[in-house]
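In the two complexes that follow, chain A is the common piece, with chain B as its partner first and chain C second.
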Partner chain A sequence: MKKNFSKPLYYTLLWVTSLLFFLPVFWIFLSAFKTKEQVVQIPPDWVFMPTFQNILNMLKDAHFLQYLSNSFFISLTAVTIAILVSFLASYSFSRFKPKGTDFIMFVLLSIRMVPGAATILPMYLMYAFFGLKNTYVGMIFMYTMFSIPFSVWILKGFIDGISTKFDETALVNGGSHFHIMFKVVLPQIKPGIIAAFIFNIIFVWNEFLFNFIVGGNKVTTIPVALATGVVSSQGIEWTYVASLSLVYTLPLIIAIYFCQKYLLVGMTFGTVRGEV
Partner chain B sequence: MTTVIEFHDISKFYDDSCIINGLNLKIEKSDFMVIYGSPSCGKSVLLRLLMGIEAPTTGQIFLRGKNITNVTAGERNIGYVPQSFALFPNMTVYDNIGYPLKLMNTPSDKIDSSVKKIAEMLKIEDLLKKYPDKLSGGQKQRVAIARGLIKNTKIFVLDDPLVGLDFKLREKLIDDLSELQESFGFTFVYTTSESQEALSLAKHIAILDQGRIMESNDIEGLYKKPTFLKTIEILGFPGVNKLNGQCLVRSNRLVCKTELFEVLINTEVGKSEQGITDDVVVCIRPENVYFNKLHENNIKLNGNIFMREDLGGEEIIYLDIKGEILTSVLRHQDDPGFENERQSVFINPSDIFIYNKKTGFLVGKGDAMFNGYN
Partner chain C sequence: MAIIRIEKLRKEFKEVVAVNDLTLDFEDSKITCLLGPSGCGKTTLLRMIAGLEKMTSGNIYFNDIKINDLPPRKRNVGMVFQYPVVYRGIDVYHNIELPLLKEGLSSKERKKRIYDVAEMVGIENSLKKNINQLDNATKQFVAVAREIARQPEILLFDEPITNVDANSKLQFKHAFKELTKQLKQTIIYVTHDQTEAMSFADKIALMNDGKIIQYDSPRKLYNEPETTFGGWFLGNPGMNFITQPCQKEDGQFKIKSDQFARTVILKKRRNIKGKVKIGIRPEYIKVSNEKLPYGIKSEIKRKSITIGGQYLLTIQRGDIIVKAKIPHKKGLGLSKNIWVEFPLDRITVFDNGNRIKEKLQYRE
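Right, the complex of A and B next:
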């Protein structure tokens, strides 16, 4: 009896909490299709005639396409390089077990724990010294560096879960180590690769601090544009903020929708290695 | 017979730890050689050395008469059936079988005809489009063997492939493997830590312990003259009776003393020079513990039957003799019809094997010419 009562209550609570968290997102999505007056109206209009003018205006803005392409280019390139490097490193750690592997893995994870604010000043000085500020190479290099530790951790867990008997079978049949890596192990850790890719894309896509400090006009991504490029002589352009937020969020929502099972695997790796 | 595989004084060290220690072993053509040893005794390492996945620290390996110690794994042309079969889960059965040929850059039409031929031979044609996760244990084994066969080799290495499978399936696969080996005259090198599996499959068994082959012979040879304690432990069902004992010298003769009896040792049988020691293990096979006196010099022991286990054609009798448990095997037709639990059993001294407790080597057998002092 108690069980029958508590279950609907439990789900109601879950739904209410979810909706509360979703409300700001929903509001910003709705605002992308409102006029300037409707956006600031109190109480807000929940039912209204949508307009696509904000989206069209944004698409006409020359900076917008640059922000969007920067976000896509920097995040995809950095994460792709990071995954490739991490895969090679993870394979070595997992299979060859060099001396100090545990310590190196600990250090790698520790790097990920250091708050961005603590490293931003030395990073800025270093980037200024090497002339990497406001360059694509600099941004890609930095995001690659930040993505590697987490990727190595995820991928090593997955590779550890692949029996070395597969490697031996390939070796006995004349396969090289590169063949084993890319033709034997890689296809079997596809869920891990996708999970690591998505987690890192989320991180790089949303990253603000480093792009704001060591980036510049040339390499500005959408999060920085959202914070800095939305103030006009008439105040904050809320319709622009809403439209940009919509375009900024949609790719991630779509990616997460299609890859959610891999994300679950990534989050639980070590307990359900490779199980999708 | 032709020797196709020879390990010559092979050692393998990992840092300071010695896994294989001066190992020598010869394997003949068309033999079914089972390398038996406890888990983690170095069986898989030995196979990896044979396949070229790892190099020995010292020693040489000969394959088909050639020294292959420094030849790469891919060039040795050995079929490999690993533990749990290791079928690539992302490939179909067809691709799994054709995998070795693909690595050798064989044209696809040649791969196609070879895969189909092998699949037909092993009766797995209907599985070719399936993925390994849709196969039963027996089907996986056949696919793994097909993958080895396609290389056109006659030498196979099977690394404990039946481990973890259920009893019925193991029974079936054991029959299949024996049949396959017989039919095609393959040379099988098979490792296991399961004694029944070793006995069911092997033509020859090599006992691996402490990084060395302690004993290697055919099953009959090992049964008649097991020179190593582990050998007598694994051969036969039910397991051998073991008693702790001590060696003493009396009137210039070596005597073995246990809680139940004393017996003279015929040291000529065993390796006396390395076997004589204070502590020994005395082994008597259950089938050599009789309920009828066969000879004047038989050792007589009195005990209580406390359990009888009927296996259908025969019965295992458990006796308590002064606190020591002895088992005996009794065929139903020989059943004397016990009237009470108190019974006498008789042991021929020459059926007693005495082993050095420390090294496991045979010290000698009981002396058939003299009575024990019971």
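Right, the complex of A and C next:
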């Protein structure tokens, strides 16, 4: 009897909590299809005639496409390079176990523990010195650098989980180390690659501080555009914020929806071998 | 297809000597089993032959060509590990095909080889299956098929049945035996399981502490162990050993023991220091309710049934306990007090752990 009562209560609680967390996202998505007046209305209108004018206005904005393409180009390029470099590094750490591997792995992860604000000033000075400010190379280089440590951690966990017998079989079968890496090990850590890719894309896609400080007009990504485009002569442009947020969030939501099973395996650093 | 010769091969891992100056010839197109307890160096030896482990010293020759520094990919060997090495995410066909892609074969030739080998191994109906759908035994067969399809000169097996469940193990053994009859390669099979070695091998190299204890046919190894280790390791249970004092009298060595109805002797002159070990396998011990001509009275302490249905008897003879294995039917009718005889032609005598070729005789 108690069991029958507690289960629905448990699920109701879960749903209420989930909805509470989802409410701001839901509100911003709805706002993208509202007029300026409807957006600020209290209590909010939950049932209304949607308008696509905000989206059309945004698409007409010449800068919007640049921001969007910047976000796509910088994040995809940086993360792809980071994954490739991380794969090579983690293969070496996992298989050749150079002296001090554990320490290097600790140092790698500790880089991610340093708050961005603490590194932004030296990074700014370096970027100014090397002339990398407001350049695609500079942005890609930075995000690659910040994506590598976490990717190495994830991928090393996955490669450790692949028995060295695979490497040895391939060696005996006539394979080189290059063949083993890319034809034997890489296909088997596909969940790890996808997980690392998604985690890093989320980080780079959402990154604001570095793009704001060391970026510029040419390399502005959507988070910076959101912050800088919020205020106009008529106050805060909530419809702009909402429609840009919608376009900005959708690619990530879609990617996460399709790759959620890999993320779960990725979060365990490959220690839990899910058949994905 | 290849004679493998190892010469004073040695492998040290820091202070541990895994392989201790071994010299051995593996016969061409035959199956040789490396048999021994865990940690005796058999896998290390196999890995050195495959080129996966560097030797500390010594030489390895394939057909009289020294291959010490040859990388594994140039040795033309195939190797199957304990753990079934199969590639996830692709079907059985592509698992077998993977190494063939590097051989520069046409797709027609590859297909022919894959279908031929799948039929030989008995996985022709699984070729289109995803590898994740298969049980461990079938996965291991895929690994075996992949190595055979490459047609290497030498095939190395490192305890391939260890990770297979008990039911599939038996099936694997039968299939593997049939398969090896068809293969022309020189095969080295590492195992710690004596029944595997006995059923597959043309010759067995018995190893212990990094050394070859004996290298013989399975029958000879079982019936004529050169050392007490061989007598103990082979058989289930192994040989019974009874240590007995041995005295020299009139040029003969005499063993006077209450384990024999009469005094037994070793006729030929030989230096024996004090004591010998008498070894007899449990299945060769004669037991009966009736008096045996050369038997002595003994008592059954324990009677249990083995997997094969035979009775395993724990018998007390004076202050010595021996194990005897007898057919089920005979065991049923045995009383507690029985007559037990050690047939002399079935006894192996060991001096200082090594077999004396001469057989025991009753003194006339």
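Throughout what follows, the second predicted complex is superposed on the first by the 271 of 276 C-alpha atoms of A that agree within 3 Å, B and C clash if a C-alpha of one lies under 4 Å from a C-alpha of the other, contacts with A are read in each partner's own complex, and residues count from 1 in each chain.
In this text, contacts are C-beta pairs under 8 Å (C-beta built on N, C-alpha and C of every residue); 3 or more make two chains touch, one makes a residue touch a chain.
Just so it is clear, the structure is predicted and the values come from calculations on it, not from any experiment.
K.L.:
For the combined arrangement obtained by superposing on chain A, do chain B and chain C clash, or do they fit?
P.N.:
Aligned on chain A, chain C clashes with chain B.
K.L.:
Applying the touch criterion given at the start, work out whether A:Pro187 contacts chain B, chain C, both or neither, answering first, second, both or neither.
P.N.:
In the superposed model, A:Pro187 contacts both chain B and chain C.
K.L.:
Regarding the shared-chain residue A:Asp102, is it in contact with chain B (first), chain C (second), both, or neither?
P.N.:
In the superposed model, A:Asp102 contacts neither chain B nor chain C.
K.L.:
Between chain B (first) and chain C (second), which does A:Glu168 come into contact with in this model arrangement: first, second, both, or neither?
P.N.:
both
K.L.:
Give one of first, second, both or neither to describe whether A:Asp45 is in contact with chain B, with chain C, with both, or with none.
P.N.:
neither
K.L.:
Of all the chain A residues, which ones make contact with chain B and with chain C?
P.N.:
On chain A, the residues that contact chain B in one structure and chain C in the other are 163, 165-166, 168-175, 179, 184, 187-188, 190.
K.L.:
Can you check the complex and tell me which residues of chain A touch chain C?
P.N.:
Chain A reaches chain C through residues 163, 165-166, 168-176, 179, 183-184, 187-188, 190, 275.
K.L.:
Residue numbers of chain A touching chain B in their complex, please.
P.N.:
Counting only chain A, the residues touching chain B are 163, 165-166, 168-175, 179, 184, 187-188, 190.
K.L.:
Taking the touch rule as given, give the residues of chain C at its contact with chain A in the complex, in rising order.
P.N.:
50-52, 71-73, 75, 77-79, 81-83, 85, 87-90, 98-99, 102-103, 132, 143, 146-147, 150
K.L.:
In their shared complex, at which residues does chain B touch chain A?
P.N.:
Within the complex, chain B touches chain A at residues 48, 51-53, 72-76, 78, 80, 82-84, 86, 88-90, 99-100, 103-104, 147, 151, 159.
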